[in-house]
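Presented sequentially are two complexes of chain A, the first with chain B as partner and the second with chain C.
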Partner chain A sequence: MKYLERRVVHGMLLLIAVSILCFLFADLAPGSFFDEMKLNPQISSETVAALRSQYGLDQPLPVRYGRWVKSVLRGDLGYSFAYNTPVRSLLVIRARNTLLLTTSATLVAWLIAIPLGVWIASRSGGWEERLAMAGTSFFLSVPELVVALVLLYWVVRTHALPAGGMMSVDFDDLGAWAKLCDLAAHFVVPVTVLVLASLPILIRHVRASMVEVLGAQFIQAARGHGIGRLRILFHYALPVAANPLISLFGLSLAGLLSSSLLVEVVMGWPGLGPLLLEASISRDVYVVVGAVMASTLFMILGGILADVMLVVVDPRVRVE
Partner chain B sequence: MGTEAATGSAVRSALVEARGLSKQYVQRSPFSRKRFVIDALIDVDFRVAPTCLTALVGESGSGKSTLAGCLALLEKPDRGGIWFAGNEVSGCGARELAALRPRIQMVFQDSAGALNPRLPAGQLIAEPLEIQGRETGKNLRARACELMEEVGLSADWVDRRPLEFSGGQRQRLALARALALKPEFLILDESLSGLDLSTQAQILNLLLDLQARHALTYLLVSHDLGLVGQVADFVAVMHRGAVVEQGTRQDVFGRPAHPHTRQLLNSCRGIESAFRSARSGGRS
Partner chain C sequence: MASRRKIIVAVTFLLSLHGAILLAGFVAPQDPAAQNRDFPFVPPTRLHFVGAGGRIHLRPFVYSWVARPDGLYQYEESREHEFPVHLFVPGPRYQIAGVFTSHTHLFGVERPAQLFLAGTDNYGRDQFSRILFGGQISLAAGLLATAISLFLGLCMGCVSGFYGKWMDESAMRLAELFLVLPWLYLLLAVRSFLPLHVSSGQTFLLLVAVIGTVGWARPARLIRGVVLSSRSRKYVLASRGFGASNAYILRRHVLPHTYGILLTQAALLVPQYVIAEVTLSFFGLGLSEPMPSWGSLLASLQQYNVLVSYWWMFAPAIALVLVTIGYLSVANAFHQQLQSDSI
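Right after this comes the complex of A and B.
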């Protein structure tokens, strides 16, 4: 319990450090959200100065940071200049969409990677392993963006699935079942891209951990006791091979808010990706800081969750 | 050690016999099409007499553990056959193998690696019993406790995990697990290596006591001729994948025929004194 408390305190300190760095870097970047208004002859420089003053951008950095901290404590996470609304309300909707996408992709990727990695490890040295390694090497070397573009090209050519977005234009008019089908159809392409991007790494990790354990003498001993192949693979070897995989799973959770940003932009998925891109281009600072803080929070929670899972799954972690 | 009478009868009928056993390991270079072939066993003929202790000696890499693995039916030989209790077993299918496995058990050198680190001692011993349908429910734990006590471990430690035992205690635990299925043939693959002399002698005493109680047949794989000279009824010497000499301990140690055996004997280091003192202490 003390360990958990210590990790939470460390996590909070990390969040504070990240927030300070975010503000510093945002301040170092040239220009601000209102600078583009100066180019518009219809807006006077007095109006721009008044807007800057209204949003507190004329204040020194520590004062702006202090105001932002107050707004975080209120639960607003700052104010978006572009959307004229508290950042929290913006982030919540976009993060929900992102999480819907990444959670499904992570789940699918792990559900495929574990049995496939275990099977490949059990075929160590055979042609099946060589084929699988060649396949994973190929997908590891192809950038996520290329996979996304190829799939989009195929979808546009064949009209087999919706090409982009999260729902059809007439979504609100559909019945409950049709809505579900429409959502599922929109899920397929971005989820496939994300799965193809993460699957090779996961398969290789599962395989490597399993190959090491399958070479252990206790596996031979289990065979000697007449214990069946499937039981040896999933009941004996996999739990022992699980520790590095649990840490990797923690990383997967940590990346839930940040792993799909590029794919979301390419696929037009209304998640954090497009929001963060727009906010970065338009210098909507508090939105950028809010998104980075949310990603950091997930990183920290993913790490803590992985550690807790290690303790739950491996009794030796407590003993040692 | 078996008696002279037992030794005499054992020569006539073997419990385990290998004929013309060959095994190769092939390694492929990751960068080229080159294949590295290692002849681990070359046309090996080998016999293990019932209720006796046969020792398989030789330097590291001579093929002892490969032969032991083949006799334990954990490795498949490329050529040759293995007979157990008069029946050929090297070509057995999965179902026949499953029925045979409880009769042949193996205790490995690295007890830490040979025991699943996740499972407590009780479950380690009970699982083979459960899988083979020998015991069920509460009897499993009771039988595990009995076996632990039989090998000199306290039954109170039944919930401890392997890493909470010392090296010697872990080897006893591995022995208890191997004995759980009441095997006829027990292969001790360097099981006493890596233990200090006093623990080695204690476990050796335990093995000999168990042999007397359960009429066990042992194959002791070792590179320690001093140890073998104390306990073996029969000795086989391996060199570069072949059995170069095989016979009673007295013959092999007294009149070594092969130059490699003579070389091994010259370099042997004994544990005689430690063994004797531990054995006299244990029996008093």
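Right after this comes the complex of A and C.
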């Protein structure tokens, strides 16, 4: 438990460091949200200056950072210039949607990767392995953007599934069951893209660590005792091979969040991605910082979750 | 030895891709900026081998496209004339690497027929030529950004691995900061703080700098590991005993060990950075019209009608996938070679 405490403190420090880094970058950058207004002859330069001072943009960096920290402690997370509301009201729902998308994609990807990887490992040296290797290297080489566009093309052409967005226009009028179906239908395409993007790496790692374990002597002993193949694979070998896979789970989150951003933008999923993209174009600094902080928070939480799972699964880690 | 052969195959594939893109002016049958306003969204020209009357030609020929009167952007082949494809034909002027000027193109057809191997876009510009010229920009962005990343990574890795102590500590903490952030979020955040409305040349440099700087952490960590292990070798101790300076040891005994990692990392980073450029340009934060890059070419797919009706607008994606496959197989082969060397 002490280890967990240390991880949490470390995560907090990391968050603080990321926020400072964001502010430093933002300070180095020339111009601000209100620069576009200066081009507008209808708006006087006094108005722009007044707006700047109203939002505290004329203050030095430490003061701005202090104000932002205060606003974070109050739960507002800063103020959006473009939407004219506290950032939190924008961020919470978006973050929830991103989280929904990424967690379901992670679940599906692992549910496919583990049995498939174990099966390929059990057929080591056969044509199945070669096929899997060729398949995974192909999918490794296809960028998520291309996967997303091709799937979008297919969906738009065939009208098989809703393309884009998270719910239909008439969502509010539907019954509870229809609502669920509608959500599920909207999930399919973005989740498929994310799964296709993360699957090759997962399968390769599951296979590699299983192959290593299957060569161990205790497996041979188990085989000698006449224990069934499936029981050996999933009951004896998989728990031993799980250790590096759990670490991989924590590490793969960064890639997943990045792919998710892309998919969200392409598919119009109302998550953090479109919000961040819009905010970057309009230079809505506090929204950018908020979105980056949210993604960092997800990463850190994922890392801590992986550590907790490691403690649960592997007794050796507990003793240390 | 098998891995050596793999390296040769992969590198040859990659070199020919780069060669075609470098010599874009020569390989491309058309000027990438030339507009054919009469032929927007023409489908790819079909190469025929069987002529009128069932005669089989060894030299492929094409028919010219004519707009169908009944529909917008609908075309059909006019079967009156056959235009054989010739090698080394004269065409629009082009420059290679800004030095050589020439008229001769690798292949082409006689006017009035035109060769659109990958169709045309909304201004009737030849998509195939634009992919080749766009490849110059996308690949240059990837290569330059990789150079920046590796240079930064090498400096930071050497400093933190070789000098250790607080330098190591602070450099690695900073690296952790960059690694914990999802790269696309980081990229967008950094890009958002930079000016949006600048000339296309400046945008290119800005983009390269941002992509390269954001990715320094991973190579830095790997190089630090190598430096750390080679620093404590006995021959380093011996040369220190002979009075060698730190700079000498770094250059002579430590740096050569990092070459393998540098090469493998380069082969991994280039496609990643090309994809980063494509992604940012696709989002509208990178290069845009009229500068062709694979990202700005793909960006037209954001329009619904283009996505649905004109499948050949996906062609830049194929080029992107080919480059990625090439680089990843080179990285794979390097990695295997490194491992078999170290055993």
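Operating definition for what follows: the second predicted complex is superposed on the first by the 310 of 320 C-alpha atoms of A that agree within 3 Å, B and C clash if a C-alpha of one lies under 4 Å from a C-alpha of the other, contacts with A are read in each partner's own complex, and residues count from 1 in each chain.
Note that in this section a residue touches a chain if its C-beta (ideal position, glycine included) is under 8 Å from a C-beta of that chain, and two chains touch if they have at least 3 such contacts.
Being a predicted model, the structure only gives us computed values, none of them experimental.
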| item | value |
| --- | --- |
| Chain B versus chain C as contact partner of A:146, first or second or both or neither | second |
| First (chain B), second (chain C), both or neither touched by A:234 | neither |
| Partner chain in contact with A:3 - chain B first, chain C second, else both or neither | neither |
| Which of chain B and chain C A:14 touches, first, second, both or neither | second |
| Per-residue contact with chain A, leading partner among chain C and chain B | C |
| Which of chain B and chain C A:154 touches, first, second, both or neither | neither |
| Contacting residues of chain A [partner chain B, same complex] | 216-218, 220-228, 231, 236, 239-240, 314-316, 319-320 |
| In the complex, chain B residues that touch chain A | 69, 72-74, 97-98, 101-102, 104-106, 108, 110, 113-118, 127-128, 131-132, 161, 163-164, 174, 177, 181 |
| Complex contacts: residues of chain A adjacent to chain C | 14, 17-18, 21-22, 25-26, 28-31, 137-138, 140-143, 145-146, 149-150, 152-153, 156-157, 253-255, 257-259, 261-262, 265, 276-277, 279-281, 283, 285, 288-289, 291-292, 295-296, 299-300 |
| Complex contact set, residues of chain C against chain A | 173, 176-177, 179-186, 188-196, 271, 275, 278-279, 282-285, 298, 301, 304, 307-308, 311, 314, 317, 320-321, 324-325, 328-329, 332 |
